[in-house]
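Let me begin by handing over the structure; questions about it come next.
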Amino acid sequence: MNKIVETMYANDLFSQWLGIRILEDGKGISKLQMTVRPEMVNGFGVTHGAITFALADSALAFASNAHGRKSMSIETSINHLKPVMTGDILTATTEETSLGHKLGVYHIRVTRGEDLVATFKGIVYRKEEHWPK
Amino acid sequence: MNKIVETMYANDLFSQWLGIRILEDGKGISKLQMTVRPEMVNGFGVTHGAITFALADSALAFASNAHGRKSMSIETSINHLKPVMTGDILTATTEETSLGHKLGVYHIRVTRGEDLVATFKGIVYRKEEHWPK
Amino acid sequence: MNKIVETMYANDLFSQWLGIRILEDGKGISKLQMTVRPEMVNGFGVTHGAITFALADSALAFASNAHGRKSMSIETSINHLKPVMTGDILTATTEETSLGHKLGVYHIRVTRGEDLVATFKGIVYRKEEHWPK
Amino acid sequence: MNKIVETMYANDLFSQWLGIRILEDGKGISKLQMTVRPEMVNGFGVTHGAITFALADSALAFASNAHGRKSMSIETSINHLKPVMTGDILTATTEETSLGHKLGVYHIRVTRGEDLVATFKGIVYRKEEHWPK
């Protein structure tokens, strides 16, 4: 496991609350999974949009920071394509679309089995500051 | 309190987990508040981006559904402007920028006292289906 | 050539002004190309962001309308990754990420040779109204 | 007139082609106007989305660069709310939502008289490089 991702995850209490499991990690790479629990629903009884967002946002943080430069989200957006229900297993898979000196662009697909349930885009600003070795 | 928002909030277990307090509600109107807790941090020890997103996303759902038509998020985006820390009190205030027959556009400001910590944009699709009276 | 795209392009005076060439078309498919001219620059002497946007936006319109249902842009966004200069040949290639009854989501890559110069996302609302046969 | 905006506009051949008139300028401020011409329509005979985008994108460039630091668009998005027709007079009015050391966030409203026809959001990256005095 990538050392930076390991450190981040150990401190990331909200990702732990979500029950996120790290399937893949590395520089520009992140594949995360979680199972939706009853306390994650919104006022319609379907999964709150912020839960799906959270999974993708953690994937963004892990993939972009794994390069060793502190990376902060500038803009993130999500499109919900299908309703997600309690018990569903969600997988977020990250594509590093572009990595420049200052900026990185990522597209993340959130799937439930074969179904694409959401697409997420994230732009990060890469600070000069490095993660400690 | 708006009946629809009351019903939504009663079912919205994730908003309850967040500790959201409804300061204002109504058709196209929503002002929500929450206090950030220790379990809401990310791998940097600052508040996970999805927490701020969640507050704004709930505000979007309450404001848009209060009109009486079921409204689903099509696209939501957030820009984080300042780091948010445990103990911070966040307030989300909704502006209904545009309300058409099929679509609504909302801009939400998330503040901590006088500080603007995030801006959020949400577009909803308004179904024909009405909330029960 | 798809009949709808043919009709659209014949009426689309701005795409004609841009000098757009249709390399591929079809249901959910669009690959367009153009060459940047001197009158398309911004105040920095590089290509105005709206030119790259325009190419991708036309690709969105052709790909989504080719299904035969009138499709209107709800939200479009672009990320400029590399500066584009006069004389550059730009190609926009469309991916139909999701096609539902009411909504379609598209991701478009704008390239110059091997270089990715911009990514574009478009969400369309699909009207009931059909294009005339 | 702000010297930087004056220089930018003098070089901005596409804004000139659009017929953009500068009503207000200054640090973080930009109010632009244009009249839609017949060659600006799309395949539906309504104004191409990129025209409205272009007006707002120029407003973003003028408002953000007027501070004296070179500012480049990272992410821009537009929501079209009402169709725009040939002959319409469009006005883009800029709000500087946030200005940090590295990043600026802007919201721009595009109106036709009293009607809001589009909303635009822009995030810029502020380079260290200054405009020449």
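We just call them A, B, C and D in the order they show up, numbering each chain from 1.
Basically, a contact is a pair of C-beta atoms (placed from the backbone, for glycine too) under 8 Å apart; a residue touches a chain by one contact, two chains touch by 3 or more.
What you see is a predicted model, and the numbers here were worked out from it, not measured in a lab.
The pair with more inter-chain C-beta contacts, choosing from C-D and B-C, is C-D. Of all chains, the one whose mean C-alpha position sits at the greatest distance from that of chain A is D.
A separation of 33 Å divides the Cα centre of chain B from that of chain C. Separation between the centroids of chain C and chain D, computed from CA atoms only, is 20 Å. Shown for chain C are the residues in touch with two or more other chains, namely 74-75, 77, 79, 123.
Listing the residues of chain D that touch chain A in their complex gives 74-75, 102-103, 123, 125. Per the touch definition, chain D reaches chain C in the complex via residues 7-15, 17, 38-45, 48-51, 53-54, 57-58, 61-62, 65, 70, 72-80.
Residues of chain A that touch chain C in their complex: 77, 79, 81, 97-98, 100, 105, 107, 116, 119, 121, 123.
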